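You will see subunit A twice below: alongside subunit B first, and alongside subunit C after that.
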Partner chain A sequence: MKFVAVTACPTGIAHTYMAAEQLEKTAQKLGHTIKVETQGAMGIENELSQADIDAAEAAILATDIAIEKPERFDRIRKVQVPVQAALKDPVAIFQKTLAA
Partner chain B sequence: MKEQLQKHKQYLLTGVSHVIPVIACGGILIALAVTYAFQFKLLNPHGGPDFTNAPWLIKNMALIGEKAFQLFPAVLAGFIAFAMAGKPGLVPGFVGGFIAAIPQVVGEKNASAGFLGAILIGFVAGHLVNGLKKLPVPKILRPVMPIIIIPICSTLPVGLLMLALNMPIAQVMVALGHFLENLQSGSQALLAMLLGAMIAFDMGGPVNKAAFFFGAAMIEQGNYAIMGACAAAICTPPLGLGLATLISRQLWTDEQRESGYAALGMGMIGITEGAIPFAAGDPFRVIPSIMIGSMVAATIAMLGGVGGHAPHGGPIVLPVVDNRIIYIVAIVAGATVTAVLINTLKKLTEKPAVAPAAI
Partner chain C sequence: MSLELKFACPLPNGIHARPASALEEVARNFVADISLTNDRTGNVANVKSVLAIIGAEVRHRDPCRIVITGADAEAAHAALSDFVRHEFPGCDDPTPASSNLIGEIVLPPVLTQSNQIIRHGKPAVAGIGRGRLVRLGGLQVPPNLPLQRNADFATESGKLDAALTAIAEDYETRLEQQHSRLEIELLKAHRSIARDPEFRQKLHEFLQPEQRTAAGAIVAVEKYFTMILTQTDSALLRERALDVQDVCYQLLRQIYGPSAVTAEPHLTQDSIVVAESLTPGQFLALNRKFLKGLVLGHAGNTSHTVILARSFGIPTIIDVADLRNETLCHDEAIVDAECGLLLTTLNDTIRRYYAMEERRIAERKARLRRFAHQPARTPDNCPVGIAGNIGTAAEGEAAFDAGAESIGLFRTEMLFFDRDTPPTEDEQFEEYCRALSTAKGRPVITRTLDIGGDKPLAYLHLPAENNPFLGYRAVRIYPEYENLFRSQIRALVRASAHGPLKILIPMITAAEEIAWAKQVIREEQNRCRAAGIPYDANMAIGAMIEVPAAAFQLDVLCRELDFFSIGSNDLLQYFAGADRANPRLAKLYDPLQPAFLRFLHKIISEARAAGKWIGLCGEMGGHAEYLPILVGLGLDEISAAPSLVAALKAEVAAWPMTLCRDLAAKALTCATAADVRGLLDEFAARRPTPLVDPELVIIESTSTTKQEVIKEAVDRLYVLGRTQQPRALEQALWQREAVYSTGFGHGFAIPHCKTSAVSANSLVLMRLRAPVEWGSLDGKPVQTVLLLTIRESDHANNHMNVFSKLARKVMHEDFRNHLIEAPDSTVACALLSGVLAA
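After this line comes the complex of A and B, so read on.
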């Protein structure tokens, strides 16, 4: 399955990127494809276009703060989790998203 | 109720994430200018720094840092309101926060409502704007809502409220400052232990950020001790765990030893999150070890008068720390305690059959 995701933590220097890496790794392990946008202290990186989002089945928002450009995700099924969850148990996030 | 609380935490953290670079900029520029002033004995009669005869660059560094600090409550409140209400939240949030920065004379002291006022007014502004957005408006008036009605109808009451609250909140801030300054060393140690435990507990998560932000916000109030204690505590979890993998290599897997180097690197630049790969796999031994290590580091730093001028931790901020020797001692002690604790716990609770196999 195709996923998109956004990660964002308050400081935006470590958790954001660690969570993105975990989501990418886990998606690969589970046989999914995923594009992860990071909203760290540098702002938006690896930005998801509307086309990326429309092409995906679901969006994972692993964020502790309000994200930028949230309106892009208005039309897609989404699951909101804390950043910590992506570090501790990324597999569970995918299960939750598939079940949602 | 719980969901509401969760959301408000998210709003607050959005504000915090935008304000951290502002505090870093202000704190570091001022600290460097002040260091220069002390180095070259540019002092006023009260023993504080006096920049009137300082070189052009130093004088302006102090001025620019000060301006960044004045912006701090505005940015904090502005982005709290922004997280809640989007673009229309910015104006009342910024203006309300800017008013919270107006200096008040409390007794003999100058204080402002500062971060407490900013957080409060940011929430008020966000809620008010969200309320205004819901008002039923005839179609012809709709275009003027976001550019005239909402900015004025939110900013005027928010501004008036903040003006009224400035004095009482500034008094609270002064009382808090007094309280922190007059802590006996016993209570100082207690406060430091609490801060250290919070910093290490979730390694960069919300509990860590609460302690960290308290320290960062107190920099603006001219109290550097809280941040000093936090700065030392921030780096010892990854440093201690990295150190542990170096001390007893046979206790750790190849992958963990690899993470150990990464953790040491992250510790040096003050990123507590470097400890997460260890804690994720083994929370019951790792988290107590890093909490105790950070408590030790924070306590030594606090009692040794370490001051942190930048909202960041680890050896990387050494240039803008007061009492550098004690700061290093605190970090080394905290990291060593963590390393010894985790290795001892591992030795005691792990079957010895696993360990010698690696030799």
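After this line comes the complex of A and C, so read on.
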């Protein structure tokens, strides 16, 4: 299945990227494809276009802070989780998203 | 006729020393007998005796009666009624707590979370000291004073009466000259004891029985009142015992002379000396081998002692309240002059914390020592003199040891303090020669006497002034005390034959002052020549630039003088019109104010254009972080406390002159001191520092708690010069931990922060010998820590992509295993650099 995700932690130094890596790693393991946008200290990287989002089945928002451009996700099935959850049990997040 | 006045004590602390003094001051204006009865206890006191009033132990809301009998009883009754109603309730103002002065110091979590007794003060000389608490001050009677002999009662009581009168007058005079509220309170309390009828009566009583001498009676009366006062349950009264001690000490001094009663404690083991105040003489008499720390009450008259303590690197805190507490006696205490604390109860956590602190400071010092004996040159090979400030010849050696290339300021006042007569010419000559001999051919800039203002000398009888800093001091008093000045000049001229001595005249404001001083110097040189005494005819003569007026006549001064030294402390306070001792004016009294930098620029460039040597010897020069600006402004030399010399030399070696000049030029265009600080911050970041470094890898840490781990990493960054504000950095890391733990599982944690407290982006890797609790995501303890720090002003996000790469990497088990298995710090560092560069 095709996912999109955004990660954003309070300082944007470490956990944003750790969570992104974790989601990518897990998606691969579960046989999904995913594109993860990071909103960290370097601003938005690997930005999701509206087309990316529209093409995906669901969105994972692993964020501790309000994100930039949230309106992009208005029309998609999505799950909002704390960044820590993405680190701790990423498989559960994918399951939860599929069930949403 | 007898009148009565009833009241309930309105003072929450009862009638302690201060209100008792106030009450006594009203009562003593009348001839009537005035007594106070505490109806709770039945105690009756003579209201003209502060000690008696205190002895009545009046507590809050105690019913009291004042009975007035005698000729002017009505007037006394009116005055006392008025006083009790209107002024008495206001007598209780607690003395301002010194903890307000702490300002921006951030206490480390291990201290804020501890329940130990911590006394707060103001750090004056940085460092950590550990040792037995030794109290100085109070009454110490030297063994050679006879206490009992077949003394003649009339003679001895005459001595006591005369001394009481004399010291009461002395307190009176000092009160008129005093502006500090704390000092005034103290002097008033002392004065009231000196004229207390009960005190006088007891002194005479104690003379009698064993044919005591005056000294014997003083010792006995001190014991008597100390016993009474320390038995009370009020801390304020116990404090009073120390006032009695002080007065008794003054009496002894008055009768037997200061030299007879100055007894120095003999330090025999590592000690922290605690004193309400300490004179430079008392300080110098302490055995510095064992002097590990200094804790002073109010800083009032101790600023010179603090300057000395700084030269010798003795950790010192000042403005500590509660020093008079009787219970302050401990075998193991720590003075933390980084945070301004005195700790007298220690537990293992605190001991471990301070062991780390001591290691941090020692390692930093050891690192800086590498620079101590290298010539101070910029990387583009421009020499910048780094010199030491000293106050005694004895400090010269320490200064050269610390890497000073010369003595940029030898303050000669110390020779003159703490004595009844000025030092003789020979005494001075010897001291100046000693300084020259430690210098071994290196220049010694010797400043002539800078007294008056905040540094009065009893034997000169200088008049009290409303505004001593703008008053009669230094070169301004020389014509009136010409003999004193001439004897110093003669000693200096004679000493000039023994090494490169340069004379520096303080507080020069007008050209006439220079002409006069030079005339005296020439006359003394001629006199030496006539007498066949050797001297250096080419001895350099210079002026302190510390009065703005001098800076606006530099061309004239340049024609007359060989060199200049900027006294930035006074220059700044006169220039900014801001008292340097007033913490409320700290923003104005800021050497980085652009106007002041422009002023310095004007002075330095005009002196240099005239081909004159110019140095700076104020506190501004001791700040390593300001050094690139000062170097860029073109100073020939910066002179600072010896303990700061190595750090300054390290800084000189770090920055090419071209960069410093650019920085100074930019600073001169800044609008605010904050802008200048921003500029300095950016500048500091230009130091080429790699993100990872084998020295940032701690391969086997013995830290046992999360607090210790974070501190150890921060301390390492400090030792390597990557942060100058370790506590602020620590706080930033803890603030991030407070959001949620950075322990992300697998035994790993990744603490991090973005802060202005670091000057370089850094990555610290720590492997812990034993796992520590971190509040991790998986609930398991942590054994490997990657700590990231990013500069606040790193707008370019220089290393962010590297950090984000690292953050992604740690999610992979193989990478984590590589870190765990790396055999040493070099391999671990190579591993990190390799991965991050990929």
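The criterion applied here is as follows: the second predicted complex is superposed on the first by the 100 of 100 C-alpha atoms of A that agree within 3 Å, B and C clash if a C-alpha of one lies under 4 Å from a C-alpha of the other, contacts with A are read in each partner's own complex, and residues count from 1 in each chain.
What we mean here is this: a residue touches a chain if its C-beta (ideal position, glycine included) is under 8 Å from a C-beta of that chain, and two chains touch if they have at least 3 such contacts.
Computed from a prediction, not measured in an experiment: that's the story for all the values here.
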Under the stated touch criterion, which partner chain does A:Ala66 make contact with: subunit B (first), subunit C (second), both, or neither? first
Quick check on the superposed pair: does A:Gln84 touch subunit B, subunit C, both, or neither? Answer first, second, both or neither. both
Subunit B versus subunit C as contact partner of A:Lys25, first or second or both or neither: second
So in the superposed three-chain picture, is A:Ile13 touching just subunit B, just subunit C, both, or none of them (first/second/both/neither)? both
Look at A:Ala41 in the shared chain and tell me whether it touches subunit B only, subunit C only, both, or neither; answer first, second, both or neither. both
Subunit B/subunit C common contact set on subunit A: 10-11, 13-15, 18, 41, 64, 84, 87-88
Which residues of subunit C touch subunit A in their complex? 736, 739-740, 742, 744-745, 750, 752-754, 777-778, 788, 790, 797, 800-801, 803-805, 807-812
Subunit C partner, complex, touching residues on subunit A are 10-11, 13-18, 20-22, 25, 38, 40-42, 64, 84, 87-88
Under the touch definition given earlier, write down the residues of subunit B that touch subunit A in their complex. 9-11, 13-14, 16-17, 20-21, 82-84, 202, 204-206, 209, 266, 271, 273-274, 276, 280
Applying the document's contact rule, which stretches of subunit A touch subunit B when the two form their complex? 8-15, 18, 41, 63-66, 84, 87-88
